[in-house]
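Accompanying notes for the structure given below.
Every chain is named by a letter (A, B and C) in the order it is written, and numbering of its residues begins at 1.
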Amino acid sequence: MSQVTAKQTPFLLKPRVKQTLFLSLLSVFAAIWILPLIWMFSLAFSSNEALQLNTNSLTPIDPTVSNLVGVIQGGLTPRWMLNSVIVTGFTTLFTLVLSAMAGYAFARIPFRGKKIIYPLVLAGLMVPREAMFIPLFLMFAEADYHNTYEALMLPRIAAPLGVFIMTQFMAAIPMEIEEASRVDGASRWRTFWSVMMPMSVPAMTALGIFTYILTWNDFLWPLVSATQREMFTITTGLASLQGNFAQATELGSLMARGVVASLPLLILFFIFQKQLVRGISIGSGGK
Amino acid sequence: MSEKTIFSERMATVPARKGFVKSLKKDLAGWGFIGPFMLIYLVFLVWPILQAIGLGFFKIDLLVIADRTFVGLDNYFRMFWGENMQWTVVNMWEWRLVGLLLLVPVYRAWRKKTLSNLEGGVYAALLVLVFAVLMGLAPGEGGRWNDSLFWLSFGNTVLFVVLSTPVIVGMGLLLAMALNRPGRWTGVLRTVFFAPYVLSVSVLTLIWAFLLNPQLGLIGSFLELIGLEPVSFLTSPTLAMPAIVVATLWWTVGFNVVLYLAGLQDIDKSLYEAAEIDGASYWQRFRDVTWPGLRRTTLLVMVLQIIASFQIFGQVFIMTRGGPNGATRVSIQHIYESAFRDFNLGYASAMSVFLFLVMIVFSVLQFRFSKDET
Amino acid sequence: MLETKKKMLQLLAVGAVSALVLSGCAAADEDNSADSGDTSSESSGDTASNEEVTIELARFFGDCDDTTEGVTDVSQATSECEVIQILTNAFNEEDNGYTVEKLGGQAWGDYYTQLGTTFSGGNPPDVAVMHQHRLPDYVGRGLLTPVSEPLSSIGVDWNDYTAPALGAATYEGEYYGVPFDIHGSLWHVNVDIYEEAGLTDADGNPIMASSAEELLEQCQTVQAETGKQFFGHDWFEFGVGARLFLGLVWQQGGELSDGTTANPDSPEGAEALSLLNQLASDCSNPEQGYTDSQASFLAGDVAVLHNGTWIVDQYDRESNFTYMATDIPSIYGDFGSWGDSHMWVMPTDSSRSAAEEEASLAFMAYLYENVGNWAIGTGHIAPRQSIIESASYSDAPQRDNYAGTADKARMVPAVPGWAGAWDALSEELNATWVAGKDQAQALADAESRMNDALAN
């Protein structure tokens, strides 16, 4: 409607005014959207005593860093962070290397069996992970392998999404580049390692950041597999602190743990936002 | 089928054979490169699927896992059957009617011969028909389900899917259209709407459990500010699930925005220009250009959202533990509790298989949508 | 079979493992008590030198390492967690050649999941805490080792235990655990509010209702005279409603279980549920959970809080009104109140060495010795006669006021599968006051669901 009237009364400033108005409205909405996050940060920097009286401030009340210091000094939170960093880091690394290798073979090496195996791998894309945790649990229990880093990593590395992405990407790299290297007498491994891998950096960053976030945020599998407190990841560890009897009296400390748990991801996100967006688009078959 | 995607013209074609050795070398290289991944893939993804199916026929005690008794279909009987089961026309007639009505367009498409995938359409129609008949089964007077919690939690899961999908997909579309313009500030806004997506589920629940708390949370204070009673969302049987949907919306809508933004980029700009010249209103442009242009994206986003929603667990497990009054108990929680509280791994496996089958239907759809493009 | 599977996994994980050795060491450096991730091969290196025998202890009660590190004086403890942690510290400090390493320490909700996982992995802890109602689940599967004989020989006097405590540890004539306490429900009373409402006797003690009518009358009086809420408890989070329900059924001479099945759908059950619903609608706020109801009580806004023995000392310290902990009133004549027991058990493990078994038994005997410290430091009821009669126990705050609970406490039925059945009961009862579910229907549903849980 308003569009039509705008057309009827040509007035130069109008579209710009509208544009500004629209953006302002959107900005207000965005401000509301980010409010819960700001609230968490604000509570994390407020003293526990002040929070007994008032929890509705968007700026820290009685500002203090003691909550954060407490997180770093005491309890298991640093240990959980370390677990998360180790599990997530190695999962990402292994996913990248194994996916790139398999992707290279599927894209470039005409070996027998490929036409059967590749569809089998693609079919794995359809497997809903959360429905598989019982047999996985039993498998690791039989081998007495729960509460280990390997148990936390291996099921995630088995996800075929990375292979799919890398195969697509490597198939699109011009044949001539690889051939030049092969003519020089380089072995397959060398070609892969020093030609194809460097060429695939964009896809690998996207896949890497996507894998990192998904792994960091895994909940059900770590909950089931890592039941010893020392082996919790920060995601399950933080969950274990909620619903605890003491929570209402230590709100500031609890929120500080939330801040510590999310900061690494938020920072990564601000650096690699573009790559993550790309990862999502390719990863879900959007583009 | 799927080879088409990958084995495009860029792919290496099998070269003329220059002898057995050369092709053997290629085989070895190929197998060598895929070997490490395939090993892990087979052991930790393929094998568990096969295991789940097998385990569903056993009674396995969590505390003594070596002790297994073959029980045949007992676990499935416990899930799907009850005392005094009766078939009636009226049981859940609303849902069954909706299902049957869905068949009408399929039938019409078939008559008009516009059904692109005849076989698929027939299978889908048969599936709907079978379900519409089966859903007439329910415990009659004085009867009950063998495991009423199984149905309660599955019902809640479906409810979550039905509530969350339109909301999160619709919001994703609206935000994407609003944010689909150049400029640094829009970039900042995009970041804002996307940021919650990177948080883990326990951070989400930490924030929202307190946000929704009537005494401590911002929402309660806001309601008081405008003169309303603070509402205890998470302890209300009617409001708990919607509250979980809202928290999930805040958390994951960024994902859908990303996919929709990509979809919007793909729409041919000249179509908009043409529409503008024709004097089309904003609404007309949306209806005639944007919406049709986003058809494939929308299908994909919907299916992805449905699959993700079926797997809901963390939010409710941490925030409400399935309460109040079982209003937010979902399938995965029921599987988890059957296995780890009631020690019944076999039954938990059988339920996993059921959930797996439900979700695989949607996964197949996703697979088709994402394949169509390339 | 198991071994080959393990080998296979090891082979697969070999890349990951080798890469993790470094990080694992770093983790162990940073935190000595935590092992590097592999429970089966832990700490063989750094304890070998002084030949300490290390055993694993699995327990709940929470994690309080921040406040108890290096502390060995149990009188400094202010919570359940601190008492048990300080006792463990003191045991480790003693020159006995034993070291107890804590596994876990979560809130009790997740504890049994963790414990179950250790059994399925074939790697159970050496000593574990367990509620008496869980005992049949584990003993019935042959997972616990009887300790009657070995503990008698190192100084545990079973005859000193009170009858309910000993009953809790007994299964088919053998003792399977060291009872650490009896815990139960109490009424935590804000005496000031009672006084303001004129509901105190000549000595200033609150008058406890002796019938359902009187209870509801008191509720009306308190709310009319003071404007405060009469009754509070956790209405939906941790099954507290079901505890009061069970107590009220017992007060009428009813039973909830015959030892194999459950029958909440009885006239006594109907009466109890009806009273609970009247309390919920007229005298309380059923939107309050554990934390909210506790906060309201401590803020002085509620006359009576129904909660457990474990919190008596804390309330005694933190309340700034006249606080009194007292037995659940006998509303239907008989005494009746929910109770349970924390026990220390020794899981059966064929890989446990003789030295480790000796250390485990020594630790259990040590905990037996310290039953008094546990009871005095928390508010729990001591399970041993000699402690109950000791001066230091009766000197502890409030203990005389709930001597009745100590005397007549009854345990929640110990039936295999009880945990699931109890959850079902709790959910159905909660549905009546949270969602307005029909009471008769809720009891009927509770009965069928409980029996499903007990049968499977």
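Simple rule for what comes next: contacts are C-beta pairs under 8 Å (C-beta built on N, C-alpha and C of every residue); 3 or more make two chains touch, one makes a residue touch a chain.
Because the structure is a prediction, the values reported are computed rather than measured.
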item: Chain contact topology (line, ring, star, complete or other); value: complete
item: Farthest chain (mean CA position) relative to subunit B; value: C
item: Winner on C-beta contact pairs when A-C is weighed against B-C; value: A-C
item: Gap in Å, rounded to a whole number, between the CA centres of subunit B and subunit A; value: 19
item: Chain centre separation (subunit B, subunit C; CA means) in Å; value: 39
item: For subunit C, residues contacting two or more additional chains; value: 8, 12, 113, 117, 120, 292
item: Junction residues of subunit B, two or more chains touched; value: 40, 43, 65, 321, 340
item: Subunit A, residues touching no fewer than two other chains; value: 138-139, 141-142, 154, 224, 243, 248
item: Residues on subunit B engaged by subunit C in the complex (per definition of touch); value: 39-40, 43, 61-65, 78, 144, 146-149, 214-215, 232, 235-237, 321, 323-327, 337, 340-344, 347
item: Parts of subunit A lying in touch with subunit B, wherever the complex brings them together; value: 1, 3-4, 7, 22-23, 26-27, 30, 33-37, 39-40, 43, 55-56, 98-99, 101-102, 104-115, 117-122, 124-139, 141-142, 154-155, 157-160, 163, 167-168, 171-172, 175, 188, 192, 213, 216-217, 219-220, 224, 234-239, 242-243, 248, 251, 254-255, 257-258, 261-262, 265-266, 268-270, 273, 276-277, 280-281, 284-287
item: Residue ranges of subunit C in contact with subunit B within the complex; value: 8, 12, 112-113, 116-117, 119-120, 137-138, 141, 143, 236-237, 287, 289, 292, 417, 419-420, 423, 427, 430-431, 434-435, 437, 445, 448-449, 452-453, 456
item: Sites on subunit B touched by subunit A in the complex; value: 1-3, 5-6, 8, 10-15, 23, 26-34, 36-38, 40-41, 43-49, 51-52, 55, 60, 65, 178-179, 185-186, 189, 191-196, 198-203, 205-211, 216-218, 221, 250, 255, 258-259, 262-263, 266, 279, 281-282, 297, 300, 304, 307, 310-311, 313-314, 317-318, 321, 332, 335-336, 339-340, 345, 348-349, 352-353, 355-356, 359-360, 363-364, 366-367, 369-371, 373
item: Partner subunit C, residues of subunit A touching it in the complex; value: 70, 73-76, 78-79, 82-83, 86, 90, 94, 138-150, 153-154, 224, 227-231, 240, 243-248
